[in-house]
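You will see chain A twice below: alongside chain B first, and alongside chain C after that.
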Partner chain A sequence: MSDRIGAGEVVEVRLDSERPSSPDGAVATQHRPPRTYPYRQPFTWWLRRRGYLLYMIRELTAVPIAVWMVLFLIEIARLRQGAGGYQPLASPAFVVVSLICLVFALWHTFTFLNLAGLIMRIPLGDRNLPARTIVRGAFVAFVVATAVVAGLIIWGGA
Partner chain B sequence: MAETRAAAKTIKVSVARFDPARDKKPRLDSYEVPLNDDWVVLDALNWIKSNADGSVSYRWSCRMGICGSCGMNVNGQPKLGCSAFLRDYAPGPVVVQPLNNFPIIRDLVIDMSSFMEKLQWVKPWIIRDPTALGPGEHRQTNAQIDQFRQFSMCINCMLCYSACPVIAVEPSFVGPAAIALARRYDLDSRDHAGSERLRTLTGSDAIWDCSFIGECSAVCPKDVDPAKAIQQTKFETTMGMLLPWGGR
Partner chain C sequence: MSSHADEPLGSGHGRFAPRPGPNRLQGLLWAGFANAAVLAALVVPAHILVQGVLGPLGIAPSFDRRYSTFAAALSDPLIKIYLLIVFAGTFYLCAHRVRYLVHELGVHGKLTVGLALYGLAAIGTVVAAYLLFTLP
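Now for the complex of A and B:
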């Protein structure tokens, strides 16, 4: 190119804002952000991946567990009226619902404790406690705690 | 060369097209592309651009899963175009669309400016205490490097943002990759910005927006685990509040 800039030559640089304006005063090369098409998440997004579906199932199973817990708290609150006030729901339908809630609760426990190794980072010198050890410890703690609570309920009131 | 080999078979590749000057919404244009055994989706797009329609727009660079430029949805799943083999989608069709959760500028090109802002927000660089600077090297043991190595593999391809349903409803959520990078520097023994960066991560639009769906980790082409980074930060923050010795 004949108009190549030579070494050491000073070149006048004109910034965009100094460029000639149009008759109405607007800068000719004003930056305009591109027109874009926005993303809209479809209502059925949770059917797109197996992981989404499992997540939704995991979250939704918490609802019947929460309802069952509220019923249980109401039963306990009735104890304020004395032993006669304690009239737990015992219909076959409620037993079936309770068993379903138990399965949901165990599923939550299993998935939650399995993630303990991912969530917890326990430094052990320069290294970390292996995730597998953390998960095993969590399951052992769960079994021991369940046994203690079951023992208190079954034999504690005798 | 793959291009010069006569392909006996073809596969239908449907590409999302959107011209902001002309179209009201994206549409799919379909092309019959040679089905070569060693071709990936990016090869198909390059073939379309060279032989069928030169106006097809998409980002790409390295072709080897390093630059993170060619993130796109292939049959509805976030993939790197250079790593998704056509043969895995045979007999087709292969539907190629832009990444979810980002505005579309043109065809497969998304507006990633929000991601670039989020990256800066978490300060993904080593911040040292000026008084700790001294002559010589800042050595690390292999064990110290292992603490953050996994999180340093992120190539900013944004597949995890596309897989995160939270981003769709909370566009201001900092998101998986940025938090994984923040975690990378938090775990670096040379970094001294822990509490400063943690304040950002525990504020609004950050770790507590994550509902742990976990698909960010499932789609990562570099086996980074952003969900782990987020949950670990949540756990350590909680411990820091509850336990007197939990703070940094």
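Now for the complex of A and C:
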């Protein structure tokens, strides 16, 4: 095995039992029962490192967002009570829940738009648009979208 | 057992061996997730900020504070469609992320959990569509 495998070279690796076992142990031997690897990760693996915890929080941001959208849906359902009976959600508890959901929603925005530079490939001539430019563009789009949506909601209520 | 041992490893006959070719359903699920996540990232904070905080506190007017403005806005078909897309996207985003979260916490049955969560998201979307498009 002194020869190096060149780039792009196709090497045929046979893994049948006729060949003698190789030192790396990648050969299937005949009388060994198939091994299984049960999932042994402890339930609290995500508490072990700060990065794992931040990952978990990032994934969980979708839940408060969905919860707030359900509250919005409840408000839309209240429209059925007519002009006289309609009561918007206005309790202090609703404001507190909204504030918590807002923090999670902003964290989702921050983390996901930062990922945009990693995910998106925008060809520009013979290379791609730099990741930093894509992330900046995404945050500009967020500011513009927030201004437009918030402006329309405020304008609609004025 | 002996027939298994004669086969090369990873030949695709085992229980957990992937099928050949791209998994188009997975691709579709992840493409939907990416689009829903971008939509939620761009527009949801504005809704929560104005309708959930500024409006109820009286700092800024909001279209859902009074029946007249709320009903007038929701009578516009474009707003109905926009809100339906936001509801569908956020519910799907939640289902998809929680599905993988549950899996990563060591719970088996990704398919069952996935069907239950996507099903809940679908029910939420149908309810939203019903409420938006049958308003008086």
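Quick note on the criterion: the second predicted complex is superposed on the first by the 109 of 158 C-alpha atoms of A that agree within 3 Å, B and C clash if a C-alpha of one lies under 4 Å from a C-alpha of the other, contacts with A are read in each partner's own complex, and residues count from 1 in each chain.
Everything that follows uses one rule, which is that contacts are C-beta pairs under 8 Å (C-beta built on N, C-alpha and C of every residue); 3 or more make two chains touch, one makes a residue touch a chain.
Just so we're clear, the structure is a prediction, and the values are computed from it rather than from any experiment.
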With the two complexes superposed on chain A, say which partner A:Y86 touches: chain B (first), chain C (second), both, or neither. second
On the A-aligned overlay, A:A145 touches which partner chain: chain B = first, chain C = second, or both, or neither? second
Tell me the contact category for A:E75 with respect to chain B and chain C: first, second, both or neither. second
After the superposition on A, what does A:C101 contact: first (chain B), second (chain C), both or neither? second
Scan A:I154 for contacts with chain B and chain C and give back first, second, both or neither. second
Now for A:R121: first (chain B), second (chain C), both, or neither, which partner does it touch? first
Touched partner set for A:R132, first chain B, second chain C, both or neither: neither
Which partner does A:V63 reach: the first (chain B), the second (chain C), both, or neither? second
If we overlay the two complexes on their shared chain A, which of chain B and chain C does A:R49 touch? Say first, second, both or neither. first
Partner touching more residues of chain A, chain B vs chain C, is chain C
Which parts of chain A are touched by chain B and by chain C alike? 34, 39, 41, 46, 59, 119
Mind listing the chain C positions that touch chain A in their complex? 1-2, 4-9, 34, 37-38, 40-57, 60-74, 83, 86-87, 90-91, 93-94, 96-98, 100-101, 104-106, 108, 124, 127-128, 131-132, 135-136
Tell me, which parts of chain A touch chain C in their complex? 14-17, 26, 28-34, 39, 41-43, 46, 56, 59-63, 65-66, 68-73, 75-77, 79-80, 82-83, 86, 88-91, 94-95, 97-99, 101-102, 105-106, 108-109, 112-113, 116, 119, 141-142, 145-147, 149-150, 153-154, 156-158
Mind listing the chain B positions that touch chain A in their complex? 18, 20-21, 23, 25-26, 76-77, 100-106, 111, 141, 143-144, 146-147, 163, 165, 168-169, 211, 213-215, 218, 225, 227-228, 231-232, 234-236
Sort out for me which residues of chain A touch chain B in the complex. 34-39, 41, 45-46, 48-49, 51-52, 55, 59, 115, 118-121, 126-128
